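A, B, C and D are the chain letters, set down in written order, and residue numbers restart from 1 in every chain.
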Amino acid sequence: MGEILAASLVNGLLTGGIYALVALGLTLIYGVLHIVNFAHGSLLMMAMFGTWLLAAQLGIDPYLALPLMTAVMFAVGWSLYRFVIGRISRGDDRAILLATLGVAVVLDNLALVLFTGNTRQIETPWTFAVLEVGPLLISVPKLISFGVALILAALLWSFMARTDMGRAIRAVAREPEGARLMGIRPDRIFALAYGIGTALLGAAACLLLPIFYVSPGVGSVFVLVAFTIVVLGGMGSFPGALVGGLLIGMTESVGGLVLGESLGPISISLVFIATLLLRPTGLFRGAR
Amino acid sequence: MKRAIVIAGITAVALAPFAFNSQYLVNIAMLTALSAVMGQAWNIAGGFGQMTSFGHAAFFGVGAYTAAILQTRWGLSPWLGLPASFVTGGLLGGFIGILSFRAGLRGSYFALVTLAFAEVLRVLANSLDFTRGGLGINIPLKQGLANFQFHNRQSTYALVLLMLVLTTGVAMFIKRGRFGARLVAAGENEDAASALGVDLVRTKTIGLATSGAFTALAGVVYTQTYLYIDPSIAFGVERSIEMLLVAMIGGAGTIAGPILGAIALHAVAETSHFFIDAPGFAPLLYGATLLVIIGFLPRGIAGLGARWSRA
Amino acid sequence: MLEVRKLSKRFGGLQAVRDVDLDVAAGSITALIGPNGAGKTTTFAIIAGFIKPDDGRVRLAGQDVTGWRPDRIAAAGMARTFQITQPFAALTVAENIRVGSYLRCRSPAEAMRRARSIGEELGLGPQLDLAAGALTVAGRKRLEIARAFATLPKMLLLDEVMAGLNPTEINEIIGLIRSIRDRGVTILLIEHVMQAVAALSEHIFVLAEGAVIAQGSPQEIANAPAVIEAYLGKGAAERMQRHA
Amino acid sequence: MLEVRNLSAGYGPISVLEEISFSVGAGEIMAVLGANGAGKTTLNRVLSGLIKPRSGSVRFDDKDITNGAHDAIVQAGLIHVPEGRKIFPNLTVRDNLLLGAYLRGRAQRDATLEEVLATFPRLRERLGQLAGSMSGGEQQMLAIGRGLMAQPRMLILDEPSLGLSPLLTEELFALIARLNASGLTIMLVEQNVVQTLALATRAVVIEHGRVVLEGATADMEGDERLRAAYLGI
């Protein structure tokens, strides 16, 4: 039992790395724009289909496609905010919420029209590769995705901490008027932040594809998980998203082990509801 | 005079399906009316009280399962399912409302928590023996009025129409009364409302419970019509989104909105087949319509109507 | 009517309100003034139940209402307006006022009758059936007062109801506040428009940096050195004296 | 250096400024006085391009900036240090200062930072600290320092003494005098009338969105109209 639990924890931790990446994008968008981005899962799904097309049609390995998909998804996110979400919502909270929901509905069903509801997978040479560490069998692609996710999180962190753009994003998040007085244009920063949040999904898609299937509904698998992480870690908190991602990865894995496959997913939703009701500021109150 | 014409028009549209020969068309009319019932129920919470729920499927599903379990497990008359579901839907609304509003959740946070509650119920329904898990529940075919199963769609349509009239009447009554005014005030501006003596938690919770109760009724009709219910049909996100779309596109907070929204949505669905006949195309258009409405017609189709009638 | 004792509130490092004592006599018009950031609005928010105090008590007509929810305080007979007007935009002007009337009246028709009559009385007659969002600033200020007045309060807290109005409008509002007082409602107001404060109030409390620094009649306040210093800066009173 | 002609502005149905005219000459300290709600902050927001005026014109350095975008105005060197400071509480002091030079490029940034830190030695001690955790006086220093990082040709200081103790206020006013002596044009918006009059060369007094008094500060002290504009009694 101890070994199974350990295996389950490790497995959950590794999956948690990708969750953290998805949640980092969501928390960035929330922290800066103060909007709950319901389109997040759908954008991830879109990126996964993009990666799948590259792999299945052109034979490009998902890991090699990572830089390309990240760039493409940045462009997608930036334009989406600039031309759709920002434009039609005019800063009204409920309108933004519904606009991101509308985008999600459009994207999910566009995928359904283009690709039908079938699930698709690709097989890379390392899909089933495992590494033996003591008594544990560790999936190589999960290990890779965990490592790359941490590297990307570190890159994002230093971008936010060290560059003028990163500083401007953090500044606009808390004090948009003060930022304007420095000559910063918040509307551009908003599109930039939405673009970066979406770009992370491009990377996450490439890391996910070797180990996960893709279908038009796959976004909803991740979206509630990502929201849970973001709420648990504290909306807008970077370390919160990272630690929350790992915690939720393990919670899900152990939940599945203890509660069984069909009841397991309830653990995520319960953590989510409990956090919202009992500690809506999350574990890392005020951290940023 | 103008009023008389409007009433005559509405009556004609509502009664037309009884003259249809095609069961296909009657079925569309029935589904449209059912969407309108759900939209109207969503509207009581999401429109009047601005509680933008993303998880109203929770109420629909609880209604559907209450009715299904009552008759398959305990052999009770499906007609009893209506009041029973009304109660369970209302209780669930009260439960979610008290928890959420005491914790001060609103806006996106409220949307998220409702979504999560629906998901919890879906997972539970999917894994408990009580609900027969992922297999879902089959209602034995036994047609007859006493059994709430009709062999022609006209009868179902008549029932749903009655339900729509009832829900709309209740919505109208609420909107015109003291409770509705305070619900609208709480939705518009919590501080101002509470300064005028509105108990926010109580008002919003009752609003959500009422909304949940009427949504649950739609779940019963669904079960009795299709004689089958499973966790994703009952609690899936698509169901929640459908109600929200109907109300938002038609015009949240107005009485005519959800009805107009349901008609618009089903008109789009039926005509879209002629262009691209693929699953997903109609909902794709719904999503696009929602974006257009938010961007250009924030008060929905009903808002457009109000503009015309003033012109 | 209103008795505030030792009221205190901290926000992080900032002592927003410190040991504030206020007494408002029944049937009076009392003003709370002070420079920007003095803690006036926070004091109001605590009295009306929107912020819980760290310390201190609030009594309304002898009843301890400290820490009550705003709606309970409204029901107990104290209504407030907001500095930034908050109309319910989806409702008409009359419907806005009716939300206030509903506190003491269950029947929609009767509540509407009362709301319209209060609206007429407070000079909103021609606008009663307009959308509340369409009102001018002066109209919105009147609506704020009308809505609060419709709850039939014993005591009314008015937060800067004259800000942004022109002198003619200010004079009208002064008359309106007096007429409300003459109907037996005790009034406490925060105001920056000093002419209005001097003209209206019988008693003035001056708040600076969260504490009451002076109180008295308008005449006493105008000549109190502490007040002149609070408004015009250190050494001002002395220099004024010298020039006079 | 700054020419304001017949400027009117407001929010929605509210009219705040009505036909305001005044000018600020190069190298002077111009005080803008007036009670709360007189329209001072709105004036600053129009000047720095945060809101658009209804009518009238603003010229800075003989260029029309009436409807200029806020970033273009910063680029031109008219820097507004706002009321309430509006520093970035979640950023370090250093990052706050660096953002002051957002439009100035990196070339001279380090040199400017050195100058600013020489002016505010206390900020140097706190470079790595989060700005939100500093005291009110230090935050005010930071707000001004951040404004200086933009290499201003003219600085608008909006209520810099708000919430400061008398001692800190005196320190602040001494600093403003030094900045002015080094050649910076300053428009000082203040409630602290007496000290402001002692510091500034000229002043305008605004009441209900209109200019009621303009002239040399020496003539204003003890003027009943000034007292009336503040106390109204």
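Keep this in mind: a residue touches a chain if its C-beta (ideal position, glycine included) is under 8 Å from a C-beta of that chain, and two chains touch if they have at least 3 such contacts.
The structure displayed is predicted, hence computed values, not measured ones.
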item: Separation of chain C from chain B in steps, with touching chains one step apart; value: 1
item: Pair of chains joined by the greatest number of C-beta pairs in contact; value: A-B
item: Greatest separation from chain B - chain, by CA centre; value: D
item: Distance from chain D to chain A - Cα centre to Cα centre, in angstrom; value: 43
item: Separation of chain B from chain D, taking each centre as the mean of its C-alpha atoms, in whole Å; value: 55
item: Centroid spacing, where centroids are CA-atom means, of chain A and chain B in whole angstrom; value: 31
item: Chain A and chain C, separation of their C-alpha mean positions in angstrom; value: 48
item: Contacting chain pairs - touch in the sense defined above; value: A-B, A-D, B-C, C-D
item: Complex contacts: residues of chain C adjacent to chain D; value: 13, 35-37, 135-137, 160, 163-164, 166-167, 192-195, 197-198, 209, 218, 221-222, 227-228, 231-236, 239-240, 242-244
item: In the complex with chain D, residue positions of chain A that touch it; value: 164, 167-168, 170-171, 173-175, 177-185, 288
item: Residue ranges of chain A touching chain B (in the complex, touch as defined); value: 35-36, 38, 84, 87-89, 93-95, 97-99, 101-106, 108-113, 116-117, 216, 220, 224, 227, 231, 260, 262-263, 265-266, 269-270, 272-273, 276-278, 280
item: Chain A partner contacts - residues on chain B that touch it in the complex; value: 50, 52, 54, 99-100, 103-105, 107-109, 111-113, 115-117, 119-120, 123-124, 126-127, 133-134, 237, 241, 244-245, 248, 276, 278-281, 283-284, 286-288, 290-291, 294-296, 298
item: Residues of chain D defined as touching chain C within the complex; value: 13-14, 16, 35-37, 135, 159, 161-163, 166, 169, 191-196, 208, 221-222, 227, 230-233
